[in-house]
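Structures are listed in the sections that come next.
The same subunit A turns up in both complexes below, where it pairs with subunit B and then with subunit C.
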Partner chain A sequence: MQIRKFVNSEFLTSSIWGTRIIPAAAACLVMAALVIVFLVVPNERVMGAVQRIFYFHVGSAMACYAMIVLLLIGSSFYLATRENAWDAIAEAGAFVAFVFASIVLLTGSIWGHSAWNTWWRWEPRLVSFLILWLLLFSYVLLRQFSSGAERAGAFAAVLGILIALNVPVVIFSIKLLSHAEQLHPEVVAQRGLRDWRFILGLVVSNVALIAAALWLWWLRLTGSVIEHSIRLSGLKAHSLARS
Partner chain B sequence: MSAEGRIFSALVAKDLKTIWRRPTQIAATIGFAVLSVIVASFAFRQIGYTQADLLAVTPGIIWLVFLFTGVVALNYSFLPEYEDRALEGVLRASGSPATVYLAKWTTNYLFIAVVLLAVLGAHGLFFGADLSASLALMITIALITAIGFVALGTLLAAVAVVHRERELILPLVLFPLLIPLLAGAVFVTRELLSHGSIDLSGFWFVLICVFDIVSLAVSTVLFEHVAAS
Partner chain C sequence: MESTPDTYWDLFAAYSVLWLVIVVACWRLMSRYRSLAERLRLLEERVERGADDLSHT
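What follows is the complex of A and B.
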């Protein structure tokens, strides 16, 4: 596949996907999710209104995982082909994943404060997600430190693959301890959603946040591609002026 | 001996000679380890910990000190190559990047093993930790844990060395990845110090072994992409 055909400033700023379809879909879906979560879904019996944060918490986690999939794809193909376009895809994925991972930790803390009466508990799911967040944080830092350095892409790609390897650990960490020993709920697998409106709320908010993440990813990708081409043209102008 | 084997042993011999010719580096690293143990001992005694309390935190302190000392030691592992631009030469002269990586891993491992022994010794001296009853097992666990630590550390030291902020980048990238290994090591050490034996089929010991194998395999594969320019 000729990835450069798609990842260039001309395609990214003019394609109907990035300028019309994804933003419009993200906006409509997020609006729909807000309406469903706050107006359609009934109050949960035990927790009350606070339970509604669950939809954004899980949705952000799904968006984060989706972005890490892009990070993994971008990193692996970059190592295989050394095309800068793949590197830009991975970088944008990691940045957006970091944003959504932060949202997950934040909403999770708010939820935990009202459900467990504590902002933080040391249990497998929380700890493994914190590790994921720390890894994304160090990826972002590495990018900032090494912008413009030689081989920066390869280093970041190696770290990106290591981060992606961590995701299954996070997902399965919840199986590590029995339900009696940990508090983080496993709602879907436990068939905790007894009302169809809960399921509707969950599905729509998941899709909405993934669409929003995709749009942010597109914007970040466009930004870094333009930045790269400006740097390149600056170099070219410099060498022309010298010769 | 095969060609790869000859290259491997030549590289290991070269690295060991480099370390041997800079004895101050070994001395300083071990000094750092011992000093950290002493500082930790002071910190805990100062808040009123008795000898028994100190023993309860020993497993955590051992691995914390080891983590910090190890990261300081690993920071230097690729510095000579980087400063002299020798890594490209070594890669071009030798067969596969995997051989270069494994050779580097071997010397780093030997160096880290010495550091580990110093950490354990310092604990016996300054922390009053009685390791004598299960010393052989303790050293074995330490050496098994070090496999994974050095595997990821060597890979990421090669990543970090080209940056000006390498002392910051290596721990920032390495520590989050090492958390499962650290948790396992602390748990197994606690088990050993309190019971005198460990459960070889227990979750944490198996985790350490799996972590070692996966990190060594993944790092050997990925090193090629880090090193090849």
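What follows is the complex of A and C.
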């Protein structure tokens, strides 16, 4: 596959996917999710209104994982082919994953404080997610402080694969302790969503936030590709002027 | 509209406005990228032409 046919400034700024379909889908789906979460879904019996943060919390986690899939694909293909386009795909995925991972931590803390009277607890799901967030943060720092360095792409790709390997750990960490020993609920697996409106809210908010993440990923990818092209053209013009 | 305890129009309005601001900002950013890509294409054409002229002289 000729990835450079798709990852270039001309395609990214003119493709109907990035300029019309994904933005329109994200805009409409997020609005639909807001309507369902705030106007359709009933109050949860025990937690009340604050339970509505669950839809943004879980949706952001799904969007984060979707971006980590892109990070994994980009990093693996970059290590195999050393094609800069794959590196740009991975980098954009990591940046957006970091944003959504931060939203997950923030909404989780707010929810925890309102529902269980604690901002944080050192239990497997929370700690493993914090490690994921720290790994994403280190990826972002690595890219920020090594722009232009030749070997940074390879280092970042290895870190990207490590980040992706941590995702199954986060997902299955909830099984390490019994439900009585941890606060983080296992809502879907324990069939906690009995009303169809809860399920509708969860599905629509998940799809909406993944669409929003894809749009942000496209924008970040476009920005970094244009920046790289400007740098290359500048270098070419400079060498021409000198010769 | 009458509000029942299960509906939160105030939160809905606040988050809708926030989302609208994000959508407009992203849309404007893409427009900016589009104009940058066009200028970049013109620059690359000039550089190519310059390289051709140099190779002919």
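Just so we're on the same page, the second predicted complex is superposed on the first by the 243 of 243 C-alpha atoms of A that agree within 3 Å, B and C clash if a C-alpha of one lies under 4 Å from a C-alpha of the other, contacts with A are read in each partner's own complex, and residues count from 1 in each chain.
What we mean here is this: contacts are C-beta pairs under 8 Å (C-beta built on N, C-alpha and C of every residue); 3 or more make two chains touch, one makes a residue touch a chain.
Keep in mind that what you see is a predicted model, and the values were worked out from it rather than measured.
Student: Per the contact definition in the header, classify A:L134: touching subunit B only (first), subunit C only (second), both, or neither.
Tutor: Only subunit B; A:L134 stays clear of subunit C.
Student: In the superposed arrangement, does subunit B or subunit C reach more residues of subunit A?
Tutor: The partner with more contacted residues on subunit A is C.
Student: Figure out whether A:V35 sits in contact with subunit B (first) or subunit C (second), or with both, or with neither.
Tutor: After superposing on A, A:V35 lies in contact with subunit C but is clear of subunit B.
Student: For A:I199, select first, second, both or neither according to whether it touches subunit B, subunit C, the two together, or no partner.
Tutor: neither
Student: Applying the touch criterion given at the start, work out whether A:F145 contacts subunit B, subunit C, both or neither, answering first, second, both or neither.
Tutor: The first partner, subunit B, only.
Student: Touching A:W215 in the superposition: subunit B (first), subunit C (second), both, neither?
Tutor: In the superposition, A:W215 contacts subunit C only.
Student: So which positions on subunit A get touched by both subunit B and subunit C?
Tutor: none
Student: For a test of understanding, state which residues of subunit C touch subunit A in their complex under the given definition.
Tutor: 5-9, 11-12, 15-16, 19, 23, 26-27, 29-30, 33-34, 36-37, 40-41, 43-44, 47, 50-51, 54
Student: Taking the complex as given, what residues does subunit A use to touch subunit B?
Tutor: Going through subunit A, the ones touching subunit B are 79, 127, 131, 134-135, 137-138, 141-142, 145-146, 149-151, 154-155, 157-159, 161-162, 165-166, 169.
Student: Which residues, counting only subunit A, touch subunit C once they are in their complex?
Tutor: 9-10, 12-14, 18-19, 23, 26-27, 30-31, 34-35, 38-39, 41-43, 49, 52, 215-216, 219, 222-223, 226, 229-230, 233, 236-237, 240, 243
Student: In the complex of these two chains, what residues of subunit B are touching subunit A?
Tutor: Answer in residue numbers: 155-156, 159, 162-165, 168-169, 172-173, 175-177, 179-180, 218, 222, 225-226, 228-229.
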